Structure formats: structure tokens, C-alpha cells
Amino acid sequence: MTQQGTLGIAVIGTGKMGADHVRRINDVISGARVAAVVDIDEARAKAVADLSEGCQAFTDPAAAMAAPGVDAVLIASPGPAHEAALLSAFEHDLPVLCEKPLTPDSESALRVLEAEQRLGHRRIQVGFMRRYDTEFMKLKALLASGELGRPLLMHCRHRNASVHSYFTTEMLINDSVVHEMDQSRWLLEQEIANVTVLKPTSSSNAPEGLADPQLVIFETTGGAIVNVEIFATCGFGYQVQAEAVCERGTARVGDAHGMLVNRPGTWGGEIAPDFVARFEEAYDREVQAWVNATKRGEVEGPSAWDGYAAAAVCEAGVRAQVTGERTPVDMIVRPAFYA
Amino acid sequence: MTQQGTLGIAVIGTGKMGADHVRRINDVISGARVAAVVDIDEARAKAVADLSEGCQAFTDPAAAMAAPGVDAVLIASPGPAHEAALLSAFEHDLPVLCEKPLTPDSESALRVLEAEQRLGHRRIQVGFMRRYDTEFMKLKALLASGELGRPLLMHCRHRNASVHSYFTTEMLINDSVVHEMDQSRWLLEQEIANVTVLKPTSSSNAPEGLADPQLVIFETTGGAIVNVEIFATCGFGYQVQAEAVCERGTARVGDAHGMLVNRPGTWGGEIAPDFVARFEEAYDREVQAWVNATKRGEVEGPSAWDGYAAAAVCEAGVRAQVTGERTPVDMIVRPAFYA
Amino acid sequence: MTQQGTLGIAVIGTGKMGADHVRRINDVISGARVAAVVDIDEARAKAVADLSEGCQAFTDPAAAMAAPGVDAVLIASPGPAHEAALLSAFEHDLPVLCEKPLTPDSESALRVLEAEQRLGHRRIQVGFMRRYDTEFMKLKALLASGELGRPLLMHCRHRNASVHSYFTTEMLINDSVVHEMDQSRWLLEQEIANVTVLKPTSSSNAPEGLADPQLVIFETTGGAIVNVEIFATCGFGYQVQAEAVCERGTARVGDAHGMLVNRPGTWGGEIAPDFVARFEEAYDREVQAWVNATKRGEVEGPSAWDGYAAAAVCEAGVRAQVTGERTPVDMIVRPAFYA
Amino acid sequence: MTQQGTLGIAVIGTGKMGADHVRRINDVISGARVAAVVDIDEARAKAVADLSEGCQAFTDPAAAMAAPGVDAVLIASPGPAHEAALLSAFEHDLPVLCEKPLTPDSESALRVLEAEQRLGHRRIQVGFMRRYDTEFMKLKALLASGELGRPLLMHCRHRNASVHSYFTTEMLINDSVVHEMDQSRWLLEQEIANVTVLKPTSSSNAPEGLADPQLVIFETTGGAIVNVEIFATCGFGYQVQAEAVCERGTARVGDAHGMLVNRPGTWGGEIAPDFVARFEEAYDREVQAWVNATKRGEVEGPSAWDGYAAAAVCEAGVRAQVTGERTPVDMIVRPAFYA
């Protein structure tokens, strides 16, 4: 792959999400590189830029977008900085992956919409990553197939072990339930028409001033009803579940079971059709681990010794098939070299 | 990332596995490129080489390994060709990822072992990809932690929907159970001392001449006993399961439930600690999808309209939190631009 | 057990529920007999009375309650007939198991309450049978233990495959959700203060005029919020699920998994402590089946042949333990007598 | 129910199992009574006899069987006493439920078989109670239906938390695996032809001298192979699992999931068809609890207050269906009488 085939990305913002995206582009993503890093803190920008080869540091998003080698923009700065960065990207006609929120309120979001329409073609992808989760993708595909009929109700759970002391009741909506808002619109292909929030007695584990949990109800333009349990201080872990109740069955994701479907007379999940479906990600992980170790000058994973041992055991196995007897494995002593 | 930071890989063999590895390196793997492709069929080698930028085609593995830009070798040719390719790689001192089997028998495998020892450092990783499967990695970590005590028994299931007509009884061992052989050695950290094969009455769905299913039993040097159901024509799908029975509990993977553990009084699985653990792969998939679409000149995924809609619904949600009332969402009509 | 030790029950009403209770008392319940049967249809009353030894038929509940041998009353007549029957039972000071509803409305129910208080001691048990379901009993015990802290939210699902054409929207509440009403009051030990009903777009499988499904929300006097999906025409079967969301974990029943509990870091269920807990109901079923067959003059279940075969196999097993060898079982040919 | 309709049972043996059967007949089983109790310890026999009305105590089984009112025999004495008791029962031509083992060895079992054949009709049911377990009954029905084709393999697990110090290696077979022996014969409808026992390294939790766990393998006359993990000191609880591997699918019971079936493309369990199937046992438990409490002169369970409260909440619910509004429940204050 030549330099021109590699997408040069300017990462705007180097907080937790931005720094993680830099790591991801460097170590996980194929065909892309971090070409520029932007942070208002110049030292921080430089420190993060140093993690990627040939990467420049900037304090101004617009300057980064004008730099050579920048083909696309990933915005991970705080929400209030998004509008200016998005408008800069439009000026340079650069594709953007913008972490949610698009902007902090609908008025500014509308200005962005209008600017993109003036530009004349879509440039923005918003970072609602649940649309890329394997289980949610399966749920989307099942609903889209029409097998279960129209969705009528959706039950959602969004549970988080604990929150920082500065977490507010509004953040339950803006940071947490915003995912169910997008997820509902995407899965149901309907807009949300009304929202109701019910507050039970709060957990004694919720920080002072935070009403937690809450039950949020959406009514959609197509007449579906969605209820969302948001529980930011549930204590036991992070859990995101959704069940679509349709005319002819229900489907649920997020129970650590893959997708479970209720169909007439049975509940259950799917069995992989073949080893590719079952182990595709293991192959990806294997080759990536090998590439990464090799570039570090190291050798990891199953060794030639393991290959030899497998051959020796297979030979015993094939003999055992023929004789039906317990068959000793004939192997050399493991060399210290492979200890 | 500069050219010099990218690992140039020679892929030997362009059958099903080799071609899939080329696709994987091109589209999924970070920091690597296909520098050379080798196949005894020259036209096929060229056709596959054309899928990767700057990639050369060869019919001779040794020639490919000598080519400029080749930093490492991935062997996916038929087993009988592995020994020669591995020895060539040693001559060029190149790191190798070698698909299983290392070689077709233990005698040739031993020659490879001896050659690698003469080379003086490890160069070979064998492609036992289950070691990179998320569930098996969790099982390995749990066993290694010692929480459940020593493993005493292991129950394995290896089920495949159907096989080609040329599939033989020996291939049940050499192509299928070989995975359980490596998996057992890896999980138990013991060698296999004896193998027994029991053959029940065969399924009427097994092709003529194939004794299927079989129950294969390993006894290990540490006294553990492993039984493996191999059922290559089970009809219902592909399923790989393993349960380790230890002194203080059991742990099972492969039931489409993540890992299930029996501990005193309870059975169950783990809950993700946070959204990173739960959605890390969704983030990876999201950014990779964005990079791939951008390089094709396309925009996919959640749009600015979705970002705007989320902002509008959040505003209604926050108002609903305050009033406790059903709160209409205030949104513009969706522009045709975002239809 | 002598006659005086057996509870003589008058069953009022011989519709579906009443007839089933007669069968239950005759075939399943220990220590009771049907002493009288009441139906306004005299022929029907006689036909059902003939199913039980020494049972009399009546058309008037009060007459049945005055009959000799009647120690208790089971009311399974239509709801509008309950008040009069309950007041008769109070006159005879008889204990009553009254199928739900107690009476058709709260005004008449209040009259019954007042009458029972005038009587001076409790005589009525109402037939909310979920309180006797194994899973719900476990959920109740877990909540009562306080391990998970206070319950804050409850998510309920109540799904039914299909309904008769005469099923009305009101019956969704009075016949179906009434169970969740009692269940919530029982599990939470709080009264219900407010009810809200949300109606999504109806399923096209719901009969004309029936708004189905619905989402019913209870707010309790202790500040908990309960939501109930009632879906009477879901098509796929009958399913009752409930999840209590508490301060320190959640617990769910009705997923065909026994009770699943989310606790810090893990989800899962309980393992039976011993064979009594696991197989107690099998023992009950075994002995009941033997008694019933014996009374019919029949012999069923595992035979002496099965006992002999087990002995022969055990002998081979114990030898196999000693020798470690495959050990043939030494058995006679199965006599035709045991074919 | 008249006296003559009640089966009078002589219970032979008043150890743990015998005493539990006395409790079961008294409190759970319909249509039977304990007419006689036998124990070589006269005081113990009398103490247990006193638990049942009109029950006589004996030290000699034969005397008990001759006593008036004895219609059937339940043998729960130690195995070595079974043969004599069974032969006595034949003399009186009484039906017998005999706890396993039929007798302690196959030679004596054969004598019993021959005696029963001389008697000319079957009188013995042996106490293999797994045949009455709901999950095993479902597995049996599925196998018998032929839907999955012939069974080829069976994987069994039999786990017990811990054992008494006197538990021996032989008892693993005679007391524990004997259940899998009968279960395999019953499910497969084949005899067991060979037995092999494999012993892995023992758990350090097994008492001195007990080789635990073990892997026991049966080969049946029809060519099926069964493997049984017996682990008497697993520590975490009691767990009995079985998976039948058939030509066209597998079915598994004992995982706390009901029965799970692998069919083409899906795994899963069944959904109850209606509320009778789902709650039948709750109804049984409800009525039995009411009968038992009534006979003790007590009133338990949902009260008239609960019936009133349900009526009041239903009225609010029906109003809420009409108005779509949050509707307060109108209830009186709970009278102290119902506190």
C-alpha cells in the first residue's frame, strides 16, 4: 500500500476519546494514519502527535485541515467546539467523523445541517457507534427483514456501574439516553414525536442531586412506544439491552447471549453457519497480533514446537482411529529453546 | 504512517485461506501490506497480486522472500509445501505466520524444529487461531488465574454442518480435532500422552466411508482427561464448545453465552465493567467503516440529520425531566437532502 | 388418613377453572376431597359431582355450604356471583379460596372486606396464583432478603398467543394486568398510587376493536415505578417475565432460565445445593404416578428388569474402575415377560 | 373420597429416604395414606408411624404386608434387605415401589426377576426418579418423536458438592452413575454392552482414597456411546446434565434453561403455549397450600384486602386506558385487620 492509498486523518481533540482514536488509527485501523493532531493545549497536542509517524501538532483546527496530507477529519473535541470545526471541514470539503453530540443544541445543529446542504453533498458521519455493534446490527437486519412484522414496542435498559461526582441529571439525557434516541430512530426508521420522563425514588447510591434511575418514554411518529431504563449508578457493571416487540415475535440483544428471538413456540439464538462466521474475528486478531509483534521484533503465539506436537498427536489419533486402542503419542522431549 | 513503518508481507498460496488473508491484510489489518503473492499458478498469482497496491506476483516462494519490500511471510499453501517454504524463510531470516499444519507429519515437523534451533531464534508462529478467540482467551485467563484450581477434565464439542464428498475419516483428526489438540495443550499447559478414538454408529448423513461422529479422548502428561466430540456432518451449523472441569468449579465457552462459570452456588457470566469493554469493537468497526467509505468517496452511517434529531430529542428529554410531562419534540421537516 | 382428616371442599362453579380445580383436588392434592359441587345448571353440577366419590350436586351455593361434610369453599363461579357466595361462606364461617377477581368492582369488594371484619377473623384467600410460582417465590425471597437493596423499577412482560373474539380492551386490565397489579403489590410491599396506560399502534393481529399491545405504568406509594407490557395477541406463546431493578442489582424471572440475577461483575443463576432440591418434584411425581397407576390396577415405570440391568451394568462398571479396561456387561437375554 | 378409595401403603425402612416418603405421602400425594411403617428399630418405627393417622408400626416387613389396610408397599430399606421384602410382597401379591437398587447385585436381582415371572404379572416399579423429572421427560419425548433422528452420542455430567467420609470409589458407580445407566437405557432404548472407566488426576478436595472425578463410558447394543462425568466433590453444587447428539440435532437438559435444542441454524428452548402450561404447578401449589393451612386452622396467602386493592387498581387502569392520563388509584386506608 503506498502513501497515497493511506487516508491522512486530522484528529481534533486529544481527551479520552481523541487519544483513544489516535491509538485505534495507529494500531487497529487498516488504510489510515494520523496526519495531524489538534489540541488547544500545545504541549498535549505535540505529545500525542509524537505517537504517530509523520504526524503534525496544531492548536487550531482550521490550520490542521489546511495542512498537507490531511484527507479527513475526526472531531473528538468538546461539544461546544464542534460547530466551528465542522464549518472549517466544509470549507476544506473534508469528510468528517464527528463524535456525538453533533453540536450541543438543536439550533446550532440546524446551522450545521444548512451549511452541509449549501455544500451540496454529505460530509458528516456522526459517532453513534451502536449502529456498528454486532448484536445491534443483527437486530437491525432482523427488523428490516420484516420477518417479525412491524415493531410496536421497544424495551431498553442502559446501565452504568457508577458516575463521577460532576454527573448531572441532564447528562442522563444528553450523554446517556441520547444513544437510545439514535438507536430507536435507526431501528424503527421513525422520528421521535414525544418524550416523557418518569422518576422513581432514587437509589441511595446516586450522588446528591442526581435523580437516578429514570424511565424515559418515547412515542414515535409511527405510533411505536419506546421505554428506556437509564440507571447510571447501578453498581454491577455496564449493560445495554434492547428488545423489539413486533407483531409476530420479539428480539432481544444485550443479555450476553447474542440476539435472542421469540418465534412461535420457541425462543433462541442462531448457530454460526461455518467456521468463518464463528472465528473470523479470531483470524483478524491473530494476524494483527502477528503483525504487531513482528514490527516490535518479537515472536509470540503458537510456536513450531506447537506445530510439531500437533503433528505427533494427530499421528497417534489416526492410528487410534484404526485400532480402537489407547495409543501413546510419540514425541521428543521439548527442547529448552521452546521452553 | 510512512512506507517504512508498514510491514511488507509475502503471502504464499492463494487458495481459500491465502486469498482471505490477502483481503484481511488489505482491508482489516493495520500497519501491514501485501508485498508479494506466490502461487504455482502464475495467472492466479498475478490476479491476486493485482488486488494490492505495489504487490508483485511470484511462482517460487524463495524468489518472493528475496524480493525488496518483503519483511515477513504468511504461508497458506498446502501442507506438503510448508517445509520448503519454512526453510526458505529461515534462509532469509524472515518471521513467518504458518497456517496449520506446520508440516504434514511429525518427522518433517521435527526437521523444521531443528532448523529453527540452528537459526538460533524463533521465527515461526503457527496458525492455531482459537488462541485468539475472545471466549477461549477468557477461558485461558481464568484457568491461568488458578481461581478454579487444577483442571481435571475437559469436555469438547466440535460440530460442522456438512463436509465435501472427499472428506476422509483421517481428516477428522488432521483437519478438525487438531484444533482441540492444540487447544488442550495450550489451556492445560500439558502435553498429550495418549489418544483413544471411539466410534459410535455413524450418522446416516455422513458420506459413504466416513465414520462420523467420533469421540476422541486425550490423556495428558499431567493426568487430565479430555474428550472431544467431533461431528463433521451434524447438519445444524458450526459449533465449538469447551468446558474445563476444575477442582473448584467449571467454565464453559462456545454456547453463544460468552463464558459461563460454575462457582459455589451459582452459574453465570460476566458483566462488562464499562462501555469501553462492551463497545470497543463497535468503535473499531465504526472508524474502519468510515475510513473505507471515505476512501471510496462515499459517506455512510449516521448523518448530520441524525445528529440534529438527537439534539432536538435531547432538548425535549431534558424539559420532560423537569416537568414530568409528555413533551413534544420540536424538529424541522427532514430535508430531501437527507432522505 | 381417616375421613375426618380429609378436608371436604364445596366447589362453586364448574366452568373451565372450576372443573380443573375438581380434577386437581381429586388427582393431585393431598388431604382434601370434593364434597359438593355447585352450578346453576343442575345437569352440569351432577355430571361434575359424579367425578368425585361421595360428592353432592347443588344449584345454590348457600345450600352446598350447609351440607354435611363441607369444610371449606372454593369459588370459581363468574365474578358477579362472588359477593353472594362469599357472604354465605361468612355465615357458615367457612374458609374460602376465591378465584380472582374477589368481586367485579372495588365497591362490592369493600362490602366483602367489611363483612369479613365483622366476622372477626380472616376467611378469604384470593386466587392470585403467581405468588405460588417457583420463580416468583424466589424473586420475592431475594427482594425480601434485602441483598439487592430497595427495588426502584420493575419491568414486566405479559404475553399471550391469541384471544377469543369477545376479548375487550378492558379485559386487558381486568383479566390480564390484574396479575401484575397483585404481583407488584406483593413483591414491592407497596400500594399502587397511580396508573397510566400508553397505547402504541396496534398489532394487525389484534381483533377489530382491541388496542393491543399496551404499556401500563404503575407508580407506587413508595416511589417505585412499574411498567407492564401487555400483549394478548403476540402469536408466539405465553410468556410472563418480571425484572426488579434494585439499588445494588437486578433480578429477572420468566426467561426460561430460572431466576437470573445481576450482581457486581456477574450475571447468572443459582445451582441446586443437592439432589433433593434438584429432584424433589421428580420424587413427588414418581410416587404420585405409582399411586395412581396402582389404584387403576396397573404397573408402570422402571421395572424389575430395569433394576436387574442396572445391577449388571454397575458390576461391569466397578470392574472397569479396577482394571481400566473396556468391560463387557454380563446380562441374560431380556425375558418376553418384560418386553 | 372414601376410605376404600385411599391406597394404604406400607413403608419399609425409615431412614432418610423412608421418612421423606412418609412425609410425601402425608402432605403431597393425593389418594394415598401410610397404613404401616416398618423398621428393625421398633422405637423408630413407632415414632414414624405416629406421624400418620391410623398407621401401625412393625419390625417385620412380612407382618406389615399381612396387616389389614395395606394395599401396596414402598421399600426404602437398605439394599441388602430388598430381596426378602420383594419376595414377601409377591406372596401377598402387593404392588411395590422399590427404591434403587432393586437388590445389591445382579445375581439376587435375577432371582427377583424370576420370582416376579413365576407370579405371572408385574408388581415392581424401581425408584429411578429421573424418569419423572420434567426436563428428562421432555428429552425422552423429543428423542421418541424421531425429529432429531437416531441418537449417536450422549454426554452426561453428574456433579455433587461433597461426600461423606465413608464414600467409596465403588459408590461412584453403584450410588451415582447407576442413575446415568438407567437414564441411558431409558432414553436410548438400548442395553449397555460395555463399560470403560477413565480416571484423571483426582481433585485435591476428594477424601483420601476416593478417585474423583471419573469419566465413565458406555457402549450400547445399538452402537451409541455415552460418556459420564461423575464428580462427587465438585464443591459448587448439585448438577445433572445430559446432551443427546442425534443425526439431525442435539438436545440438552440440566443447564437451568429447560431443554435447549440445536436445530438447523438455531439453538433455543420452547415457549409455553398458554398459562395452563406455564402456571399449572403454581395452581397445584396454591390449592395444596390453602388446604394445608385450612387444616391447621390458619389463613394465608392473598387476602380479601389484596382482592379489594386489585379491584381498585383495575378501575384506575380502565379509566387510564380511556383518558391516556396518569390516573390516581382511589382506595381506603388499609384496615388494621389486614395489616
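Letters A, B, C and D mark the chains in the order given here, with residues in each chain numbered from 1 onward.
One rule holds for everything that comes next: contacts are C-beta pairs under 8 Å (C-beta built on N, C-alpha and C of every residue); 3 or more make two chains touch, one makes a residue touch a chain.
Protein names from UniProt, one per chain: A, B, C, D = Inositol 2-dehydrogenase.
As the structure is a computational prediction, the values presented were derived from the model and not from experiment.
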| item | value |
| --- | --- |
| Chain hops separating subunit C from subunit B, counting only touching neighbours | 1 |
| Taking each chain's C-alpha mean as its centre, the one farthest from subunit D | A |
| Mean-CA-position distance for subunit D and subunit B (Å) | 45 |
| Approximate Å spacing (C-alpha centroids) for the pair subunit A, subunit D | 49 |
| Separation of subunit C from subunit D, taking each centre as the mean of its C-alpha atoms, in whole Å | 20 |
| Where subunit C touches two or more other chains, by residue | 198-199, 219, 236-237, 239, 256, 262, 265-267, 269-271, 273 |
| Sites on subunit A touched by subunit D in the complex | 260, 262, 265-271, 273 |
| Interface residues, subunit D side, partner subunit B - complex | 149-150, 152-153, 155, 157, 198-205, 213, 215, 217, 219, 222-225, 227, 229, 231, 234-237, 239, 245, 247-250, 255-256, 262-265, 267 |
